[in-house]
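Below are the structure tokens for one structure; questions will follow.
Per-chain residue numbering starts at 1, and chain names A, B and C are given in the order in which the chains are listed.
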Amino acid sequence: MKIVALKMLAAQKMLLLLCVGVSLAHDSVASAQLKSIEERLTATEETLKELKRENEALRTITKASSDKLESIQAENKGKKVAFSVGLLASGSDQTGPFDTRTTLIYKKIFTNTENVYDSNTGIFTAPVNGVYFFRFYAHAHSTKQMAVSLYKNDQIQCSVFTEKPVTNTNGSNGVVLSLVKGDRVSTQLWENSWVYDDDNSYTSFSGFLLFPL
Amino acid sequence: MKIVALKMLAAQKMLLLLCVGVSLAHDSVASAQLKSIEERLTATEETLKELKRENEALRTITKASSDKLESIQAENKGKKVAFSVGLLASGSDQTGPFDTRTTLIYKKIFTNTENVYDSNTGIFTAPVNGVYFFRFYAHAHSTKQMAVSLYKNDQIQCSVFTEKPVTNTNGSNGVVLSLVKGDRVSTQLWENSWVYDDDNSYTSFSGFLLFPL
Amino acid sequence: MKIVALKMLAAQKMLLLLCVGVSLAHDSVASAQLKSIEERLTATEETLKELKRENEALRTITKASSDKLESIQAENKGKKVAFSVGLLASGSDQTGPFDTRTTLIYKKIFTNTENVYDSNTGIFTAPVNGVYFFRFYAHAHSTKQMAVSLYKNDQIQCSVFTEKPVTNTNGSNGVVLSLVKGDRVSTQLWENSWVYDDDNSYTSFSGFLLFPL
């Protein structure tokens, strides 16, 4: 009996040690695995933080680019300002003479984006702040004084003038003007002056935006 | 013997309990570690999903911006349309009179982007839909009728005319036209009319795109 | 005693087996958890790599877009070139005649972006390579020869001319020129010629950039 019990004790002891050994070995492997996982996880978390910073930077750049683009597109869209008109819509006629300077009202519309030119008043109104180019052309018959000036609001800018043409006379002038939104540009026939027009459109007025300001 | 065996048993029991205790403690530490790792991993996965959504949004915005940019660049590139030509390449000469209206063929090239103006025919062909500005200048000697009109395809747009100038006469006119790709613009000398040109280039024709449509 | 010892041994054995069992079960659960975590971590690391590649691509596109935008903005900014000037700042006067061709110095400034036109010399200097449009207008009184030419550096480009006007005469001409930065453009009054100007600004000179090259 004693021997049996002692053998059992010995076997139990070995089994116990084995179990403890296996368990410890197990723990040691698991521990190494955990350590590796933890390291990888920490690295992953670091990379994520970095990516978030990158994305934040990307978002900032992308937002700025998108805003710039919109402003360029708006500017490009705003650039599409032009009108071009002839004095008579049809037929042939002298215009003038008048006792006072009189705004010429051109009736034949070649181009008129967004109705910047008002064919009831003869006045172009600047839709945006910017630098614009304007040109006008006047035609007169012999013996008629031809005199036309271009006005920015109520200020004369440039003119054509022929006192007593011996035969038909053609005159043109033009100017680049810096306008603020709402400024009005028109042409005025001087007192005691004539211009002539017919279907050939000798007498005309044009303008367009060069660039917004 | 009994005492020895009992002592061994007691020692074994203590070792066993110790081992179990250590093992359980070990397990408990590992379990806490696992829990913490799992929580961090879950958070990381969430952040990743968020970043992916962000990237998706960024890609969408970036793609849209890139497309807009290309269209702006194409539009800007397409805007580079201009020509400017003088009637005679060299020498001095009267052109006309002819029995019928005749297209003026300008031979001195100042500017001609992408050959929009054809120096064999005198015709400008619109390379893109857009709003264009055209100008022409005519010079005649005394006693010669000067009459030139600008045509869009077969339709007269604007003109200069002097019946019988007493001395040299200069005339110019111009117009802003909305053209579709392929529209042709040219100037025609009227029947029984003259224009004069020499190395000083009095008689010329110019046009350029203001903006595409 | 023997029976007590044997019972203790049996109990110890059971406890031992239980402990080992629990420990192994514990290990098995932990092991499955570890495996799952490792798989998720690996997936996360893969997704991160993918996101980094995506971000790299996004950065490249965003950088390219940002560069393009800057070049478009610089081009748009560089496009804002225009001047427009009248001969006399005030009063009325004949200019000329001179023994030799003389640069006209326009004193009334309508527009002059970044001082591209020098009101001391009468010369416009191209601030950037590009295609420009220039126009000039001349006015003369009867019996005075009117003759003005536009020059690019020292080369004549286009002209207006009236030998002996019977009454006031208006002439205008213009040209589209491709210029390199630093090219100079001006107008010259011919020898033995006059131009007239007053507050109505008949005699003027304008130019603007159509597009950079």
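Keep in mind that, in the parts below, contacts are C-beta pairs under 8 Å (C-beta built on N, C-alpha and C of every residue); 3 or more make two chains touch, one makes a residue touch a chain.
Keep in mind it's a predicted model, so treat the numbers as computed, not measured.
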- Item | Cα superposition angle of chain A on its copy chain B, in degrees to the nearest 5 | 120
- How would you label the chain A and chain C contact, same or different, if same means the shared numbers make up over half of all numbers there? different
- When the centre of a chain is set as the mean of its C-alpha atoms, what distance in Å lies between chain A and chain C? 13
- Residues of chain C whose C-beta touches two or more other chains: 5, 9, 12, 16, 19, 23, 27, 30, 34, 37, 41, 44, 48, 51, 55, 58, 62, 65, 69, 72, 135, 166, 169-170, 172
- Query: Which bits of chain B are touching chain C when the two form their complex?
  - Reply: 2, 5-6, 9, 12-13, 16, 19-20, 23-24, 27, 30-31, 34, 37-38, 41, 44-45, 48, 51-52, 55, 58-59, 62, 65-66, 69, 72-73, 76, 79-80, 82-84, 86, 110-111, 113, 135, 137, 139, 142, 166-170, 172, 199-202, 204, 206, 208
- Note on the structure: Residue positions on chain C within touch of chain B in the complex are 1, 5, 8-9, 12, 15-16, 19, 23, 26-27, 30, 33-34, 37, 40-41, 44, 47-48, 51, 54-55, 58, 61-62, 64-65, 68-69, 72, 75, 131, 133, 135, 149, 156-166, 169-178, 210-211, 213
